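Same chain, two partners: subunit A is paired with subunit B first, then with subunit C.
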Partner chain A sequence: MNPEQEQFRSSLHSLLAASDVPSIARAWAAGSCEPGLAMWRKLADLGVTALAIPAEYDGLEATATDLVIAFEELGHHAVPGPAIESVAVVPSLILSRLPETAADPAVARASDVASLASQWLPRFASGETLATLAWPPHQPFAVDAHIAALPFGGTPGETVASVDPTRHLSHIESEHFIGGRNDRAFDLGALACAAQLTGLGQAMLDLSVAYVQQRVQFGQPVGKFQAVKHHLADVRIALDFARPLVYSAAESLAPQDISAAKVAASAAAQLAARSGLQVHGAIAYTREYDFSLWLVKARALLPAWGTASWHRNRLLESL
Partner chain B sequence: MKIVVLVKQVPDSGAERNLRAEDNTVDRASANNVINEMDEYAIEEALRLQEAHGGEVTVLTMGPQRATESIRKALSMGPDGAVHVVDDALSGTDALGTSKVLAKALERLNADVIICGAESTDARGQVLPHMLAERLGVAALTGARKLTVDGSQLTIERQTEEGYEVVTAATPAIVSVWDTINEPRYPSFKGIMAAKKKPVETLSIADLGVDAGEVGWAGAQTTVKEHTKRPPRSAGQKVTDSGEGGVALVDYLSSEKFV
Partner chain C sequence: MDRLSYDAAAGTTPSATASAGEARGDAARGVTPGFRDEVRAFLSEHAPHGLPSLDTAEGNLLHREWERQLYDARLAAVSWPAEFGGRDASLMDWLTFEEEYWAADAPIRVGQNGLFLLAPTLFAHGTAEQLARHLPGMARADDVWAQAWSEPEAGSDLAAIRSAATKVDGGWTLHGQKTWSSRAAFADKAFGLFRSSGERHRGLTYVMFELRQPGVTVRPIEQLNGETGFAEIFLDGAFVADEDVIGEPGEGWKIAMGTASHERGLSLRSPGRFVATARRLIALWREHGSDPLLRDRVADCWIKAHAYQQHTFQTVARLNAGGHLGAESSAGKVFWSELDIALHETALDVLGPSAELANRWTDGYLFSLAGTIYAGTNEVQRNVIAERLLGLPR
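== the complex of A and B ==
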């Protein structure tokens, strides 16, 4: 990370740390999205929603590393909303269909896509509109279609419950656009998801370390027991091994690197969630306790944008 | 409207701060150095003035080389450029000497409005705006919780313990602000990238026509002779409640004249 990227990270962290995201997430889960949308407008002011959009559509044309930094912070603070779809996948999908960038001319429908780009991208960049989509079979449902635009068409149908109550899932009814297996937009979604998972994992580790220093059992804080220390040290190691894969995938953007990053980040976040759950005791999955917000978001994102076995398979085929 | 904001780099007030044993000055080398918190409110106020009335915002800092980091951070919020007064001879300068140097730099900048934080978190003297106003011969509107500009007329609400006073002056003037005045913005991606390319002029005291003997250790009118660590907090009194706990609490509060 260069000093500017470090400052961007710190700016996002300061904004989110001062925003009481847990209350916003609970309100979002209960169907009251206004505080969350207000926070998304602030994130847009800082540039988050414009990162993957070119300057000609009022975007920032930032690097994938900048995107990863933003998603780590979104994960770190368990920000609700269709972040991956809105910031990474939908803009990238529109752009990859423009005639001058499309790999396959058959999918480039020049006039449609050009108008799609000029109609939507400036609105995403400014944060005026969030976007979502479904991408079966990986993402069979669209996240938060009740507050986000569906630029690829379709209407939200039947809703489905998610393990993470901040994710309002719905079927999309229409001949919905589906990308290819090695689609750049899909990969950007997987990379953003990996970054969000390492951020979630880091937050769960921080919460767990704080908790085991407070919770006293058998006359001492439970964090003094070696078995508890070992659990949390394993989480530290998993996260420290996953993050470099995520950052190097952002550099290369090679599908196999993104797959490796997603596998490692999912494993680290899952370990952070399970170990955190264990060292907290039953309180960790109590809805009223903040740890649960990270726990269920990690659970929902683990299989998102390609399950670990799908990504392992793709990695294996590339070897 | 030409606006200058004074920005000071200070050790992070959230962490433990120490004085150095050898010269009784703040240990800045081991501290996490940040923009003085109140100065962020000054920058925000300057940017709001610029947004409403146009003009230019310049950051002015006096400090060692590493203060450039804070200058870049200040610029990432939106000011147009910065002036950094940096000189080895300035080490040890007290408030009076600082005001001399900053006044010289401000004369060159020819500002309509000078905005600064009401105090720095390290020295907490609150004297600098007054010293600068005196040296520059301009009005001092200090301790503002609200600033309004109407043409060349500045009006502030000066925060006091009981409420506020309305103070008015014509430009040029110096305004110092409290953290009640606004909510500083967070640097955006665009702002951070733009800050890299903004001009930062560095000036030595020779450039400003200040003699080395007037500043630094030699020019300081005040010296710190010694310092000791604040004693650790003593253990409080414990009141064990055996039915009379409330009475014991009230007895204590009344002995301290709280009730």
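== the complex of A and C ==
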């Protein structure tokens, strides 16, 4: 990470740490999205929503490493909203369909797509509008279509509940875009998801480490017991070895590397959730305590943008 | 005993020169241009295959001969200064050498205790005279080194060491018993900690001593695999000259902890070893019909081997920027030791009923089982991670 990237991370962290994201997330889950949208506008001011958008559409043309940094922070603070869709997938998908960049001319519906780009990308870059989409079969539902644009068409139909109450899922009715197997936009979604999962996992580890030092049982902090230490040491190991895969995948953008990153980050986040809940005890099993916000978001993202099984299979086929 | 015969390297033979992808990665990481190709060409021409185990008398000699060939090609210890037989290569070049070495399925390094554990300690704490006297023989495998740490009553609790170093004129005499001493059955020399005073940590002195001298009795111990990979060492008045104390007397614990982080970390188990094994596992799985029930485990082995590799690249970048190897090496030790077992257990499951037959995977499996015990048990490492990386109370 270069000094500018360190600075970017630290600005995002400062903003989110000062924003009381847990309250914003609970309001978002209850249907009051305004505080969350205000926070997204602040994230846009720091450039988050413009990362994957070229300069000609008012974007930052940032690297995938910048994207990973942003998503780690979004995960770390359990930010609600269609982040992967708005910041990574939709812009990248629009761009990949432009006639000059499309790998397959058949999918480049030139006039449609060019107008899509000029119509939407500047609005995404500025943070004026968030975006979402469904990508069946991997993402059968659109996230938060009630507050986000659907540039690839369709109308949100029946809503369904997610395990993460901040994710408002809807069926998308009528004709809708279906992406290809090795689509770059899909991979960027998987990479962003992997980064978000490592951030979620890190936050759950941090919360757990803090909690076991203050919770006293048998006359000592429970963090002194080896059984507790070893749970948390394993979480630290899993995160330490997932993160380099996420960053090296951002460098190479090779599908096999992104698959490896997604599998490792999912496993690390899952372990952080399970072990974190265990060392907290019943307090973390409540909605009132913040840990639950991270736990259910991780659970929702584990199968998102390619299940672990799908990514393992793709990886082996590519070797 | 019959060996199951199959070509575990099928489909994994590297091309004669680095692929475009490898060359790009090497350039990005600052690997010396042409180095990978040179190593690959040398190993493909010279590396012997199927040597008897280095823990047999015959195999030990043949492994030493192979190390001499490496030394003559200045490949025995590429990161060392040229005056000791190295080529002043960067850590990244050394990792590249290791990748090629394991991909070529070249013999296990008989000199590894000296090369990977003692040498880093000597570079950090030894005198110029010690370096000049010990390193060239170590690199040529004229001297094979054994470790002498554990004792019957000092395992995980290493500071409980009782074997004594007593000051005499011009040096020290050693009394006591060491055990689980790797390579001691066929080694020439040993290094380890001895008690020179009563203070638990500050009473330990780090010495190097000849195994072939009066007052030393080595009793080989047969391991799980039937070979004598380690031994007991009985000491009854063996002599160590003052010149063979590393650092000052009483500083041994501090110095040894530095060695321990090398042992746990990249110098003992470079990622090339696991990346090459993961590739062989995938080839084996395909050869045996690509059982979908084992697919996820096979993929996870590859993913973890690459995670260890990328993590190591990150560590090297940190070291190059002036950082040092600290408690993070405990996380690496747990990770690689569990990965090694997973690689071999998965391979044995791929082999199915024929996995019972002694073969390279059963050999590797039995070897891997020791990994969670030596170099500090994984339980001790998890305590270190929890206390020193996470800050939990002791």
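Basically, the second predicted complex is superposed on the first by the 319 of 319 C-alpha atoms of A that agree within 3 Å, B and C clash if a C-alpha of one lies under 4 Å from a C-alpha of the other, contacts with A are read in each partner's own complex, and residues count from 1 in each chain.
Going forward, contacts are C-beta pairs under 8 Å (C-beta built on N, C-alpha and C of every residue); 3 or more make two chains touch, one makes a residue touch a chain.
Just so we're clear, the structure is a prediction, and the values are computed from it rather than from any experiment.
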Under the stated touch criterion, which partner chain does A:Asp66 make contact with: subunit B (first), subunit C (second), both, or neither?
first
Tell me which partner touches more residues of subunit A in the superposed arrangement, subunit B or subunit C.
C
So, A:Leu15: does it touch subunit B (first), subunit C (second), both, or neither?
first
Per the contact definition in the header, classify A:Glu4: touching subunit B only (first), subunit C only (second), both, or neither.
first
Quick one: classify A:Asp240 as touching subunit B (first), subunit C (second), both or neither.
second
Go through the superposed model and pick first if A:Leu277 touches only subunit B, second if only subunit C, both, or neither.
neither
For A:Gln213, decide between first (touching subunit B), second (touching subunit C), both and neither.
second
Quick one: classify A:Val263 as touching subunit B (first), subunit C (second), both or neither.
second
Where does A:Leu93 make contact in the superposed view: on subunit B (first), on subunit C (second), on both, or on neither?
neither
Based on the A-chain superposition described above, do subunit B and subunit C contact any of the same residues on subunit A, and if so which?
none
List the residues on subunit C that touch subunit A in their complex, please.
28, 282, 295-296, 298-300, 302-304, 306-308, 310-311, 313-314, 328, 331, 334-335, 379, 381-383, 385-387, 389-394
How about subunit A: which of its residues touch subunit C in the complex?
205, 209, 212-213, 220-221, 223-224, 226, 228-230, 232-234, 236-237, 240-242, 244-245, 247-248, 251, 257, 260, 263-264, 308-309, 312-313, 315-316, 319
Provide the residue numbers of subunit A that touch subunit B in the complex, in ascending order.
3-4, 7-8, 11-12, 14-15, 45-48, 50-51, 60, 62, 66
Using the touch definition from the top, list the residues of subunit B that touch subunit A in their complex.
72-73, 76, 185-190, 192-193, 196
